[in-house]
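Next up is a structure, given as structure tokens.
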């Protein structure tokens, strides 16, 4: 996303009169995304920037621009060396990372925050812009896991993605010789596979106890929750009510 | 993608003066995609429709409209029942299918066909519109695997995705009771995980023999090929030349 | 089993004055089994035909002949191409299918139906001949699994065996070139292994919760049931009584 | 197989004028099988006794009776305690043992010995009765594995089946309390699963190198051999000839 | 540990005025350890001999010498053939055996016995010298597992270590040809890996149910117990009290 | 190892007139090990300090003291929180780390360096004290793996151990609440298991190709090398000679 790309595409996007703007960029400090941010901050539409670790460095600037942000530290740089820029390799890497971000709950946080924004826009209430760094600490706090080892394995998977980022950075920007950077990227991509496996293990644990939480939307777009596989999703309020009933018993 | 969506978005897309149009839809026979196809067939820009199994039914129509197509029979319907329309569940399902489509070579066929189109557009030669059904037969024929068991496992993974489609169709459109359709969707999503695992096994076999093929693009956008991990990618012509040299020896 | 085999063996079998006849054939419509069926239908002894998917086509005929049947759609054709008719390959294939049929509950249905027949013969009551197609639907309904994901994985394993049948049919009777049918059989046999693994996973889930159901026979041949590993099997009536006692509490 | 069973069934079997008799019994020293052996040794038809470890004790007697034998030490006693005499449990146990006996090569030895007998009967030459104890030593010597670690894993699987026999013997005939024998049988059956997994690993290694040996029969019943998956089976003599050709080069 | 080693090292050890002596030797009947035992039995300090299976043969002698003993039958001889006396191979073998001895509870028995000795020494009460053979029977009785299948898998792992000992003995002291002993050692070391995997499975089961028992020491060196991951360890007495409270309810 | 411990034990050790001193400490900067280092540096005996990551900070000091060092960055701090200081948990953690350090080659580097020291002491040549930081970079350079993916997986395992150190440091010294530090330690210990699995995978790859390198010592203590399982170890010089012979061909 160069500055030119932004200048060509932005006007057409704004012609749709959007109610909400979401800007996704691995590094929102680069000129293209910076241009887009500047533009977005001047439009009277709520805007959220979704980014990975490099986004942490411009948190203050994002807040000054009146933008929300969701910084996903577990969404690592791919091994962007020619040898690995094979579309198949890249899709597999992404498949592994998607699995980790989905199972650990990073995606859960993102969609719930966006859901809330959509809800305030629909109901005309003042939108609350999210400003979150989704690191392993937050993963731990907002996890849907019922089994504590499932949560520990999910956290482990998330930690591994941060290690991948570190290694790929070294491989892409520090090492110059292919004899050095090829093994590093290969190693980072193996970690991605191991992380996906750990995340899958975490989810299996919840299946084994029939405690896997799912949160589909109702027709009206509100989030429902279900735990036992064979039972229907219900609104969270109802869950709360049932719980307190049980406690009174 | 409703007809209204198409009518709103299409003009803006065409304002970019695209050189190539790619229309992706699980079922291009529905009104929205049909509208888009009609419009695209009247524009003098090469257009390719990417679709899954339902696309097979309108192959003749697509050819009449002068459109290319890539029909991926192994890209199955998700278990689109409320209970499973949890963003996390859906991302995991997609992660598994992405892994299968990448490793088995379905994505390889798609990007090579698009690459060729881009190449003819760049060089001003008449573009050859692809018209392919990517079924297990084609997967077998165009596979990059060097080990025949790796290929067999990849084919097995692809066959499983077709089974998923069949079961989810039953679960979404035939069974009415949740006591019937929930187990079916759960079952289909387990098969997706098993398919991803089989595909991964196939790829591991190639790693074990250091025969894994990668095909990154050169800076100019042409496809190079590499097999041994520590060796650089080369243009395919060069590969051919080396091979014939060896044969002359 | 040719017509001649049947004519040679049948008389000797009948000399044993059997109380119950069980005819097992993958395709009971073929001349040999047809001959046997004809003979059996004329003898005044209850008879059950056990068959796989091809048996479905002659259900009406079987009923006219007064025969019972148990058609196991998940008992697939082996990859009967010369290259794979190695006794070792065949035993491994059978090992995988046995595991799936046992764990998913197909064998449970078969032995319970035969048990009931034996019971009516012993007690002199009129035998109830089973007439069942054991497809994934019945597997779901009559499953002994306590965990719904275990059941879903078992169903997935059963669905895979139906896919194996489909592929081996193609490989054995449609494809002519070994370059085509060898990969197909290899692929089907990989699916058999994946199916066995899925079934095993299903059973492991029940072990993890100590909810695995076992149904040994009592000395008198009646079925008992046990769930917790360390507890003894009890007659089902007793189970029912205990359950209602608990409910009264 | 009681003495009465033998007396009822044997005459009918002999009415078929068999060319070859195969007597299978886990313990051929028991009265029933002993009766059958005695009868068989008086008939002028070649006869082979197939047995597991207990058969070793009557080797001398078998030789005196002029019978051949194949004693498979890796075919263990099942956990024959009421709690485990569930048909499903038993089928799973057998599935695991079948996999081990097939992959390790025990079945290969059995069918090759029987094949040779059939061959001499067909050609009217004097049959050579096999007299073999198939223990881990013989498994090692007659293995078809090309990779030495595959062979080691197969041997490991075979050793485990001997351990199973030992534990089940203890559980069935020594321990009296269910609190003692249930864990032992459960433990033995877990080892069966671990053994099947080790055997499967052994076979996978050969797939990874495309060196898996298959030995289908020709139409005339002679054994052919194939190694590379995509190549046709050939007669062993031809293999030998090719090998010596290569050596002359 | 030769006699000379013992004579050189023992005096220096005794200069520390130890309160407790622990002698670890795979075979305490050999001259070196025998010398050490003799010396230790004459010193007025409690002494425990830790040994593996060969120690069983001198139990009577150990008791006469007034020594305690802990004989761990599941701590097998390594494959001590030159080809495998690679430090890396040996460390991996040990890693596998450590995992089995830790998870199955063998180490638990050892440290609890030593803890008790330390406790009596600290409190000046007369020490109770342990005299235990830690075989699969004791593993079963003193297991911390809550799930009976976890216990069965742990017992299976322990049984395998005894098989390893048997095979390595054969490989190291009976077979003379490397063509015979290399496959045997390779096979024994594969079983070590399979045993570690089984043990790990056992522990995972407890994690899946959040019933994994941990027994850390308090600051004062007494053993506490915890089961649920997120809850603190408590003294066992407290556990007992809570349990009886619940029962009174 | 406190200062007092050092003062009590050191004199006794020196009474043995050692030829070589090896000081092992996770953090050699602490008072106890510092005392020992000071003493060792004044004795005219070659001394090597083996340490993990914290040792890096005193490299200069170690060199000034004339000591050698081997700093193993992949030997992480255990989760030293009361809840996890269960001897069983600790042994399992160590088992996983031992497997990683053995398979990745960290132990290989250590024993080869010590071997060389021993060799120079034996032959009376001036000993070369090793001064190495064994990080992933050195693991890569000195790896014995023949397959590049095996090496990449081994590197991945090693990287994970560094991540474990980082997390356990946080859990042990930064987080104060058990609700925070328990999940972190559980997560670190899961990564240890994942790392051991990755390392094991790396070794399996070499087995699959029969390219696993083993380096046993000869009777005289010199290192030999073997690769094919069934072939004997040879001295490296011989290997070199054979290689150059082949090249001359």
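When the chains are written out, they are named A, B, C, D, E and F in that same order, and each has its own residue count from 1.
As a working rule, contacts are C-beta pairs under 8 Å (C-beta built on N, C-alpha and C of every residue); 3 or more make two chains touch, one makes a residue touch a chain.
Here the structure is a predicted model, which means the values were calculated and not measured.
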Which chains lie in contact with each of chain B and chain E?
A, C, D, F
If you check the contacts of chain C and chain F, which chains show up for both?
A, B, D, E
Mean-CA-position distance for chain E and chain C (Å):
47
Quick check: how many Å separate the C-alpha centres of chain D and chain E?
38
What parts of chain B, by residue number, touch at least two of the other chains?
148-149, 152, 182, 186, 208-209, 229-230
In graph terms, with chains as vertices and touches as edges, which category applies: line, ring, star, complete, or other?
other
Pairs of chains satisfying the touch condition:
A-B, A-C, A-E, A-F, B-C, B-D, B-F, C-D, C-E, D-E, D-F, E-F
Would you mind writing out the residues of chain B in touch with chain A in their complex?
8, 12, 15-16, 82-89, 91-92, 94-96, 98-99, 101-103, 105, 107-108, 111, 178-179, 182, 186, 193, 196, 200, 203, 214-217, 226, 229-230, 232-233
Taking the touch rule as given, give the residues of chain F at its contact with chain A in the complex, in rising order.
136, 140, 148-149, 151-153, 155-156, 159-160, 162-163, 167, 180, 182-184, 186-191, 194, 197-198
Help me check something: in the complex, which residues belonging to chain F touch chain D?
207-210, 212, 228-230
The residues of chain C that touch chain A in their complex are 147-149, 152, 205, 208-209
